[in-house]
Each structure stands twice: as structure tokens, then as C-alpha cells.
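Think of it as A, B, C and D in the order they're written, each chain with its own count starting at 1.
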Amino acid sequence: MALLEVQKLSKHFGGLTAVANNNFVVNQGEILGLIGPNGAGKTTIFNLISGFLRPDQGTIVYKGKEIQGLTPHEISRRGLMRTFQTAQAFPYMTTLQNVMVGGFMHDRNRKRVEKSALETLEFTGLVEQKEKKAENLTIGDSRRLEIAKALAGRPSLLLLDEVMAGLNETEIAEAVELIKKIRDRGTTIFIVEHVMQAIMSLSDRIIVINYGRQIAEGSPEKVAKDNRVIEAYLGEEYVIE
Amino acid sequence: MTMSSPGKKLYTVLIVPLIIFLVLPIFAGSYLLHIMIFIFFYAYLSQCWNILSGYTGQFSLGHAAFLGVGAYTSSFLFSQYSLTPWVGMFIGALVSLCVGLFIGHICFRFGLKGAFFALATMAFAEILRILFLNLPSMGGAQGLLLPLRGNAPLLYQFEGKAPFYYIALIMMLVSVAVAYAIERSKTGFYFKAIHQNEESAEALGVDTKKYKVIAVGLSAAMTAFGGTFFAQYFMYIQPDNTYSTFVSFDIMLRSIIGGMGTVAGPVIGSFILTPLAEITRSFLGGKSGAHLMIYGLILMAVCIFLPQGVYPGIKKWLTRFQSE
Amino acid sequence: MLHVNEINVHRGRVRVLKNISFRITEGEICSVVGPNGAGKSTLINSISRILPLKSGSIHFCGQNVGRLPPHSVVELGLVQIPEGRRLFRSLTVLENLEMGGYQGEGKRKRSETLQMVFSLFPILKDRKYQCAETLSGGEQQMLAIGRGLMCLPKLLMLDEPSLGLAPLIVRIMFDVIERLNRNGMTILLVEQNARKSLSISDRGFVLENGLITMSGKAEEIASNEHTKKAYLGL
Amino acid sequence: MNLDTIFQALVSGILTGGLFALVAIGLTMILGVLKIVNFAHGEFLMLGMYLTYYCYNVLGIDPYLCLLISIPIFFLFGVAIQRILINPVLKSPMEIQILLTLGLFFFLQNAALFFFGPYLKSIKTGYARAIISIGSVNFSSTKLIMFLFSIAFTLVLYVFLKKSDLGKAIRACSEDSYGAMLVGINVRNVYMIAFGIGTACAGAAGTLLMPVYYVDPYIGLTFVMTAFVVVVLGGMGNYIGALVGGFIIGLTESLGAALFTASLKQLATFVIFILILLLRPTGLFGARRM
């Protein structure tokens, strides 16, 4: 079942076409990967879906309703939440307070919000950092916090924008586990990532874009063998080997 | 963050000055009372400013506008229609709320941020000042002289300074309580989130525009009560002592020196700056400008050496005191 | 030529580079490989003196550069082409290049170097009077390299020169780097495209979590099992 | 209201607009290069007026000769202020930067009050009353000189920014200070020079204004607000925009004064300011272009 359906989505910046006529669906319960060279338009697609940019053309249907043109907070209140590429915490709040901001979306009561925020911290493995100011977290923990903040808003669809950039391999393995755990709790995931071993092992399906256009779509195995993907993204030498 | 789980010792630290404040008028002379009134009054105004600018980070350089609207509304209704300022101040707050909502709405609707918002608020205050200078019905440049009714508590007029002292004290305490309540509520979390990262707040379901407008409105309405107090205390208002940019600076300076975005900052700032201003004024008053020169020096020094105000230092000291 | 000795660099409270030491000899291409956030850009920026050293020293051509201001480092011939190009967007192509030869030797030889840059990138000559921001991504990267060359570098440090570029442009970039090297320029290369950068390099090292975990001949690194798996996608 | 009055107002507006442009170009340079909103800019103008006043009244130096003194003095003054006060807060949040320049504003204004007193001061030069008439339109020669000098100063500055290496470096720093650092430009020096030039513009404007206008310690705020209007109208960091914006505001104010009462003309300025902030925050000509 399609949770999110994108049709004929286009966005231009001046003369530059950032996203050109994209069509795809995100199915309930899956992990969908989005890959492509830097500047191919991946983050633009996320910004369009989450309401931070308005599409020039096209429709975005989430849970059966069109959401293009809504403001970001309206979209996130409907359960479609996102993280940011460069971890964007509230730097002078503690980790716990950061997560509470997300939690206040569904509840005014401070005590209850605090309690559920602690659970989220437990779930994401941040509970020991709860009194630390966000600006003092390590890269790995600030990526986790980025996810935890969004989880506190109990999303049905979570857009993850390069949450593994800058992580070492152990951290990547942990992040992969965490993302699987989130999916198993029933959250659908749409993920942009450059770390190939992560995206290949996580995704049920992968969409590849280049210059704002979709050039391939399918299972990780299929995409990895696709000549166009190899040429545009994975590197030419892959063809030979 | 601030004042989270204050220990028992912290309460004793706070209760002692509170008792002193309550009994002070019994012993204090009129001059000391006058200074104390000003300390409380500016702490109150600065707290109002702090709720907007300190917490949500929307930097207002035009809070004089709200002070002026409050002062002029209640004074106009009192001098023209003999409406008691006790009622007039609520009407003033209402008018100021509308002005605040209007300013906030149009500024944030067009996405004004940072220095642009600051300049716009300053321009709004200037517009009001020029407008009132040219409104004969509001007294124009001569200002409004409030009718004297002697000792008339029902008309917000008193003999002696003690009643004003207690009103200012209550206003300060109420503003502190409001700030404290906001800080611990959802609204406070949202205000701070908007300040620290507006984009991220929006992604977490915060209607940033709405909350910013709420902050402006709340701050404007509260500031207006200060305007009425000002008018009743001096019994005389004119555009240049209500709407002027210097009044706006005076209001925000306390928070900045004390610590923006903290409950205690404006109060601490007022206790530091107000007496200092008074002392320099009385020592150097013969030469006009001298005490404001010192103001400027303090402000620059704070920006360079203490950009977070004195509150973080005091907080550190308090935590050490508590743990002893 | 460049001798980096036991440097430690902090960003805020985080220690990004931990006791990094390496040398670069004249005439070689050396690649730095490693994950995002491992400190590769930090490394280049501390050599350029944009970021302060906590401890350690950096010597270039026998001179201690660890305390010089950034512009003096450039004057010595230690030049960086930054990630994201950092062009002067509203200045023309020519003005951008002139700014490259802003001081010292670069200014004296400005017109000569300009001819050299134009022969290397003829397209820039055609666009001389256009604003930098009207160029395509590939042309902008050429301009960034051209602007760096105007500073008369002895050692050129390139931070992600192929970032966000089409494969064809990437090939041109690597060709240019090889050509510059054949003409005697020493090059320090930081690239995500590790496979490609190692293939044109003489030597390389792997930077992980602020530590050099491996260094040696480029082929050795390219054939190492760990690097293959982690950075070459094999 | 007859046609002559309006024509008179137009001429007067253009003449004043030249001065506004000069003040605004200094402000926009500081804003464009250092990203600092300088509230003390009007105070530099005020000090320029006092300098000219005392040069004339005490030393007997002709106000226009005084340009040779005020431009270098204010350049050095600006360099010093950048060095001592602005540099420490360059990386601070915007609020702190605004506050610092507000503090400087306070200090300079009240220093002027302290040392020069609150009274209006003006100078009476021999040529102050010389009136030039074209048809039925009259204007004072001092205003014309002020206009010509302002325009000349602005043009020299424009050519300097456009043609000289240092000027290009200043523009480069305002585009990307990080990139500038990496091509060997001494960014710290460029910052000082840019602030110095910006200050010198305000100082020179003060000198040019002195034969036309009176000075008191409070004059700076009016001018800095007007200059902000011009800067925002012309587009932040846009020099040609500042020139055109100066004329537009000059015309608005003088037409406003002709059509309404004098005190309401300022109101018009602020209303335009807010409208521009709201509707075209990048200004009429877009930001930061030459």
C-alpha cells in the first residue's frame, strides 16, 4: 500500500533544474533508499516532500491527501517527519530537552512528555547523554539525537537525510540496527545515504537519481548492476569488474 | 535549564531579599524608594522584552512602542473620560496587544528575521513617536499632563512612594512568575527551539510563525502595564519619554547585562544597571551625557567580554553554594 | 617538502586530528582517503592555517608555517582549492583570477600565469567577463583551480575536486591534476572518489577518526582488503 | 501648491539625495563586507560635523578644505574602531553585534553631549547665502557643492572598488571571506580598510553637511535611520543601489515636506522603510551587486 505517492514532481532554481518530473511511491512498512551523485537533487526532494520548498509542478499525496503547499509543521503534524543532513539540534538545550521539543507535538503535559522523551532516548541509546548540551555531543550521538527528536513526534513516515555521514564503521553498523528497529516498530523509512554498505543492506528498494531525473529503480542487487547507475554514481570502473 | 530543581538553600537565598523588600518602605527614605521602584520597574519591563527577544530570539529594538501605547491609552482615557487607570491599563494592554499582533503578524508573514526585524520594530516605534508628536488630541509635543486628584488609590494616585513601590514589586514578581511558568511549559520549549534553530523547530511540528506572533503579543501587552505605571508615577507623559528609541534601549539593556533568555537575567541586570545609572546620573548629572556615556561603555564591554551577561557566572556561584 | 609533525587539532571541544604526522616529497601526488568527518578537510584547513593547531608543527620548504596567518601561507606557495569552490560569485571570471594573484610573486607574474591558466582551461578565456555564478558546475571547478594556480602554488591541496560533478568533468579534473603534476607541481588530494584518486597517486594514507590508520604506496592502499571494503565499495 | 514649489522640492530632493547616498554607501560597505549592522554610523556623521565646526570656528579652516582633514581622520578612526571593538565580535551572534554598535552609538552621542553641549551649532560662511537661481527655482550654492562632492566621492569610491586590486579584494571578501583568505588576501586588513572607508564616508558627509545644516548631539539617529532606509531600498551591500536609493529617499523627503508638514516627512520615510522591508527585503536592485 502506498503511504506516499509522488507524481510529476519538478523544481527549478533559476535556470537550474533540481528535480525533473519525478514519480515514485513509498510503500507502507518498507525502507526505500534514494541515492545519486552530490547535487543530484536528493535533498531537494526531501525538502519538497517535507514542505520546506514548494514544488513548481506535481503532486505529493500522503495518506491519501495532497500535502504539497502545506507548511512544514503541518506536514510533520500529520506524521511525516524528517531529519537534516547536517545535524540540526537545539545547541543550548540538553539532549533530553531536544527530544521533548518533538514530544510536545502531541501532548502539552511536561511530565508525560519528559517520560516519553526518556523512553525515546532509551530506544536510541542516548539515555546516558540526557543532561549533556546538544552542542557538546559527538558526531555519532548528534546523529542519533537527530533521529530521536523526530521519533518523539511519533512519525509514520520518517525521511532520513544522510544520517550516517561522518560515522565510523561500528557506528554505521549501530545506525543500521537502529533504523531496522524503527522500521520494525511500524515506521516507514525513506533514506538518503552515501554509505553504500548501509544503503544496500537496509533498503528494500532503491531509487537512483542524477541531475534531478530518476535513472533507475529496483532492488539493491538490480540497481547495483544497472549500467546507468554505475556510470553516473558508482563509477565507471564497475563495468569492467 | 534555568533554576531547574532549586535546592533548599536557593530558596533561602531568595527568601531573605524578598522579606527585606517587603519591609523596606518602613525604614527607607524617599530617594532609596525611588531607586528601588526604578529597579523593579525596569526589571519588569526588561522581563517583558526578555520573553520576546531573550527566549524566542526575535530582537526588538522598539519596545518603547508598547510602553507608549499603554501609557497613552490609560492616560488619555483618564484625562478625557475620567476612566480610572486601573481599568485603563487593561484597555491599554489590549490596544498594545493588537499593535503587537499587527507588527508581529506582518513582519513574520513576510519572513523578516534578525537585523531586519530589529530595524522594523525600531521604525514602528519611531512612526508612533512622530505620529503622537503630531496628534494635538494626544497633547502633541507638549505631552499629556494627568489631572492630579491627591491621594486617590482608586485612581492609581497615591501620596508618598510606598504604594508605587509595592505595585512595582508586584509587577516584577508577576513578570518573573510568568517567565518562569513559560520556561517550564511547552510554549517555553517552543520559544527556545525557535531561537536556537527555527528550521528544525518547524520540522518538529512547531508553528514557528504563530509562536513568534504569540511572543510579540504577550510581550507587548505586558509592557503596556508598565506604560500605565510610568504615567501614573510621573503624572506626565510625552512622546519623547515614552516612544523614544532610548526608552527601548533602556528596556533591553537590563536583560542583556543580566543574561538574555534566563528568568533571573532581567532582574539581576536591573539591580546592577539601574542604581549605576542613578548614581552616575546624580554624580555626573551636572554634565549631561556623562552617565549615558558610561552606559555605552558598559554595553560595549558586556558585548566583548561578557556576551552571555552576568547570569552564567552567578549561576555557577549558586551551584557551588548549593553543593556546599 | 611538507612536513607535518604530531599535530592535534580541536573543533570546539572535539579533538578532530590526533597526533597526525606525515611528509610530502616534492613532485608527488599524495591522496588522503577516509570517511566523512574523519578530519580530512580539517587536516587541509590546519595546513592552510585556517584552523589553529593545539600542538605539533608544520614545516613547508624548511620554514615553520605553524604560526603564520593564512594569507602568508598562500604567499609561500602552499595553496588550497577548497571544497565547495568558494568563488567570488558576483565578480567576473577575470576578476576572480586576478584575486588569485593578489600578492607577492603571484602579482608580479600575473599576466604570464593568466595565459597559462587560459591555455589549461580555454573555456575560462571565453567567459572572461562573465560573472562566476553564471558558470556551470564544472566550469566553476575549473575557475576554482585556475584561481588557485594564480597564487603560484608549489604544493597544491585539493579538497574534493570532483564533488557533485558529472563523470566526464571528473575525468577532465583528474587529467588536469596529472598534467599539473607532470609539470612539476606537488599535489595533496582529498577525495571521496578514493579509487580514482589513488589511481593517479604515488602515495596515499587513510585517515579514520582523526588517526592515520594506514599509509604507503597508492597501489598498496588500493589493494588492501580493509580499504577496499570500506572506501572502494569492493 | 504650484508647479514651481514642486520643482523646487525636486531639485532640493536630488541635492539632499546625493548626501544620503554618501552616508548610505559607507553603511552598505560595512554591512556588505563585515556583515555588521552599524548603528553608530550616524554618530560618525555627527562627529564629522563637529570636527568641521571647530575647524572653522577655532582654527578658521574653510569647511571644504576640512575634507582633507576629516577624510583621513575618520578613516583612521574607523580602522581603530574596527580593530578594537568590531573585530572581537565578528564571529558573535547578530544580537551581540547590534548591541555593540548600539553601545558605540550611545557612547559617541553622549560624549558629544558631554563635550560639545546640547545646543544647536551652525557655521556662517561667506558663501552660505549665495543663491543660485535657475528660472524660478532657487537653491543655495552650499547645497550644490555638497551634492557635487558627494557624487564625486561616490564615483571615486565606485571606480576604486571596480578597478583597483584592493577594491576588488574588498568585494571578494564581501562575497566569500573564506575563499578570499585561501587566495592570499589578508582578510583582517581588508576588514579594517572597509570599516575605515565606511567611516570616512560618514565623516566626509558630516563635513559637507555642516555649511548647510545645524549640528546637535542627536542628529546622528535621524541620519542613520535614513541611511538604513536607503541601504535596504538599494539592496544590502549594493553600491549603485545606495546611490539610486539616496536620490529616491531625498526626493521622497523633500516632496513629503512640500506636500505635508515638515515633521510628517520623516513619517513618510519610516513608512516607506517598513514597506520596503516587508515587500522587497532584497531591495529594488537585489543584494550585493556592483
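Remarks
The rule is short, and it goes like this: a contact is a pair of C-beta atoms (placed from the backbone, for glycine too) under 8 Å apart; a residue touches a chain by one contact, two chains touch by 3 or more.
The shown structure was predicted, so the numbers you read here are calculated from the model rather than taken from an experiment.
Chains that count as touching both subunit B and subunit C, per the definition above, are A, D. Seen from the C-alpha centroid of subunit A, the farthest chain centroid is that of D. Put simply, the C-alpha centre of subunit B and that of subunit D have 33 angstrom between them.
Between the CA-based centres of subunit C and subunit D the separation comes to 42 Å, rounded to the whole angstrom. In subunit D, no position touches at least two other chains. The touch graph of these protein chains is a ring, one cycle where each chain has exactly two neighbours. Applying the touch definition to all chain combinations yields A-B, A-C, B-D, C-D.
Remark: subunit D residues 165, 168-169, 171-172, 175-176, 178-188, 288-290 touch subunit C in the complex. Taken together, the subunit B residues at the contact with subunit A in this complex read 1, 184-186, 189-190, 192-193, 196-197, 199-208. Contacts from subunit B toward subunit D in the complex involve residues 53, 57, 59, 61, 106-107, 110-112, 114-116, 118-120, 122-124, 126-127, 130-131, 133-134, 245, 249, 256, 260, 287-293, 295-300, 302-304, 307. Looking at the complex, you find that subunit A touches subunit C at residues 37-39, 135-136, 138-139, 165-169, 194, 196-197, 211, 231-232, 234-237. Listed in rising order, the residues of subunit D touching subunit B in the complex are 37, 85, 88-89, 92-100, 102-114, 118, 217, 221, 225, 228, 232, 261, 263-264, 266-267, 270-271, 273-274, 277-279, 281.
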